[in-house]
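Note that chain A is present in both complexes that follow, paired respectively with chain B and with chain C.
Moving on to the complex of A and B:
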């Protein structure tokens, strides 16, 4: 099951050129671009591991692509990698854009668990199949 | 672990061949249109002297223009190596020209942003194992899309200390200079003799740096012209007597040790301004605009250069 989180996730994967253009758009708006990765893609897991530091002073997308390629060297195929853009202007101070750039080849998806509780009520919870295995060995 | 494809593949510029190439390209018109003419003209008027440097910049500009024209005819146009080394004595305008270089390359579309990142050894080399690579990469990332200016680059290489981390920075630099030629232009600067030794010890650098530009020392007249410009920019003028004194000052100062061309001139004028301010402050009459803008001969003549010493304000203790 294809993971759909963040922007563009219903589109085919972005090419490097498209990623570069998106990153340049973020930089031109004055947002700091971050590269994050995780192997626990649960929708509620909003804090992914940060690759390096937020790139506040990079002026050109090539710098971000350089780091993205470094991150791919380390994690491609085993982790999800996403690019996010943080707007530090007062009153925003939050993410403005986030999209997945790389995903594992095989995405087993999520299971929906129904828990029967008092009075025939049901509690739902989702769990990634991959998360059954230990961290680092999931994909 | 999977291999990573790094270079953007052939689909990088899908729309390039859609436009039919024109029959002929007017290089003159292109020259004016690209804004290169304006930059080079500014260079000519703003910078005194530096004949060989200006000629070299013109040549590089011409090469880039011709390459661009070739690309429009669909001819093979390998993006040229633009890494440069600027050698010359202190104060000959290396940094100033580097800044202009960034503008020129930006107008011609060879760098995307046209900013200049100036670094020295401190910014590239770390203090302990594992510190250097992230530091160097960080600087390179910041410089991408622009020009990286490494001042006194020969400090990167310290042969006397075999465990020096400079070598690590050099290796990363070389790798990025080779693989990401489209993303950034590296300019190395330093004094001629030391740079020569640096290049001899790091042959990889010499072959990756296409343009070696030597900055000549300024002549006396050029230094005076520079002084005139510095003062003009700050709304000061020299009185006729002061001009004569300044002429003698430059002649004397050029023969002294630690002469740093344009920088020495600027420092001398700064000191003359201090003396002028002091003179006006101690004078007991109201000052006019003319007083405030004019530097008199005495402001320059009280320099220790005239008595064989090193210029400084306040005077050094003998």
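Moving on to the complex of A and C:
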């Protein structure tokens, strides 16, 4: 399967040139760009691991791309990596853009567990196949 | 300014309150020198007096009938601080290019309204007055809601920012589709449409306004099958999905029962129709806040009173009331789709949903500065007769904080529902990518779509199927201040 979280997952994987343009768009809007990675792709996993802090003071996408490449050296192939942008504007103060830049070569996906309860109701649990293995050894 | 008579009669208390009938303008409802206070509610009415009725007298009557007056003088007024409670018409302008119509500005003291109650606000402002015989027609065009009143409402249960955080979707419009045919599917068949559309790439599917609990499908069956579809699609894609379960019903008790069942099944969103009424809407908004639920509002019925320019209530007023009342989604027009929507007027509605401060903009039909004082943002929904080939226009006109709903444009795809959903999602993502790269999507849009279609067969088929289908009719509800073509462009 292909994990479709993030703004651009239905497009072919973005090239570094395309990523750079999106990052520069975020910077030009005054947003702080952030890199995160995880090997727990559950849709409700809000907190991917931070690769450093959001880059509040970086004004050139090249700086972000340098950090992205450092993150890739450490985690590519074993983790999903995403780029996000935080907007500190009053009444927003949250993310403005988030997209996956790198994903494991093989994405086994999720199983849906159903627990039949009262009436015809069912309690659903989504579980990543990879999550059966310990963190760091999943992909 | 107009050349009409601005004088007001000064009356001594004794003559003002002698028994009998008196012109409204002489009873204190016309005060051309009045300076509205920051805390006043201001209403702007389009007044069409009957032939021979003076526009100022007609406007003063609107002020009177929407506040303290009745048709005759009553001595009991003098037991009250009547100067405070009388609404004051302070300005009457002729409507540009509309002989016989007048814009009346009326200020209301804050004490006239109950805190946090749209029912109370509307009972005054659009109560008896709309049937008043000396008027041919009356339309509530806009209202300035003072911060002091705005702050007595909870506002949207969730709001755009928190909705995005919950759904983990940022930087692009959300994508939805209304299940079609809207009537007749069994619960099992209905859930099939939901599953296919969500798996194919949509974020949401939606019940239509009139799908409640009919002979062909009991509401519980719909909810059960829909949640199977949502959860299965979520597991297939690793992405959060939802479906607006319409809990509209005959009584509040029924609606609460349906909403509780939706919650127990793990739904993230429920839906109501505008026709349930303002009080029911506010009750459901409070329920939604208590239960971490997003609340979708379908504006069923609004066109009966919003569409014609001379009589009724403008949708911009309804939008303001609904942001106060606390819904999270509101259908606000597509411009290019099948339903009424002048581009400038629609832009005004979108601003009222999403901005924290909306400045006066007559060309967009916004007559007053409107501060929202950090009231959560209301997600506008564009639905009705739109398709993937219009993606560049939709993003250009409506921005990214919007739900784009392609019903026929998903389910009517020649290769099936999943393909239709994928076509829309790819069209959306490629257009956002291009926009962020600084490309001129309005002009390059069709080329950007064609380029994306090279790696996406469903998009190629969608573009071929619907080509440049558009609903190009003249709008009826248009701004009064800028002459322009009003056909959707």
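Keep in mind that, in the parts below, the second predicted complex is superposed on the first by the 138 of 139 C-alpha atoms of A that agree within 3 Å, B and C clash if a C-alpha of one lies under 4 Å from a C-alpha of the other, contacts with A are read in each partner's own complex, and residues count from 1 in each chain.
Basically, a residue touches a chain if its C-beta (ideal position, glycine included) is under 8 Å from a C-beta of that chain, and two chains touch if they have at least 3 such contacts.
Because the structure is a prediction, the values reported are computed rather than measured.
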{"item": "Clash or fit (per the criteria above) of chain B with chain C on chain A", "value": "fit"}
{"item": "Contacts of A:7 with chain B and chain C, given as first, second, both or neither", "value": "second"}
{"item": "Touching partner for A:30 - first (chain B), second (chain C), both, neither", "value": "neither"}
{"item": "Partner chain(s) touched by A:60 [first = chain B, second = chain C, both, neither]", "value": "first"}
{"item": "Which superposed partner A:46 touches (first chain B, second chain C, both, neither)", "value": "second"}
{"item": "Arrangement angle, chain B at one end, chain C at the other, chain A at the vertex (C-alpha, nearest 10°)", "value": "100"}
{"item": "Broader residue contact with chain A after superposition on the shared chain, chain B or chain C", "value": "C"}
{"item": "Per-pair minimum CA distance [chain C against chain B, superposed on A] in Å", "value": "14"}
{"item": "Set of chain A residues, in rising order, touched by both chain B and chain C", "value": "none"}
{"item": "Residue ranges of chain B in contact with chain A within the complex", "value": "1-2, 4, 6, 8, 11-12, 112-113, 115, 134, 137, 140-146, 176, 180, 182-184"}
{"item": "Chain B-touching residues of chain A, taken from the complex the two chains share", "value": "15-17, 20, 52, 55, 57-64, 66-67, 69, 72-74, 76-78"}
{"item": "Chain A partner contacts - residues on chain C that touch it in the complex", "value": "161, 164-165, 168-172, 201, 224, 227-228, 231-232, 234-240, 264-266, 356, 374, 377, 422, 425-426, 429-430, 432-433, 436-438, 452, 455-456"}
{"item": "Residues of chain A that touch chain C when the two form their complex", "value": "1, 3-5, 7-12, 14, 18, 21-22, 25, 41-44, 46, 84-85, 90-99, 109-112, 120-124, 126, 128"}
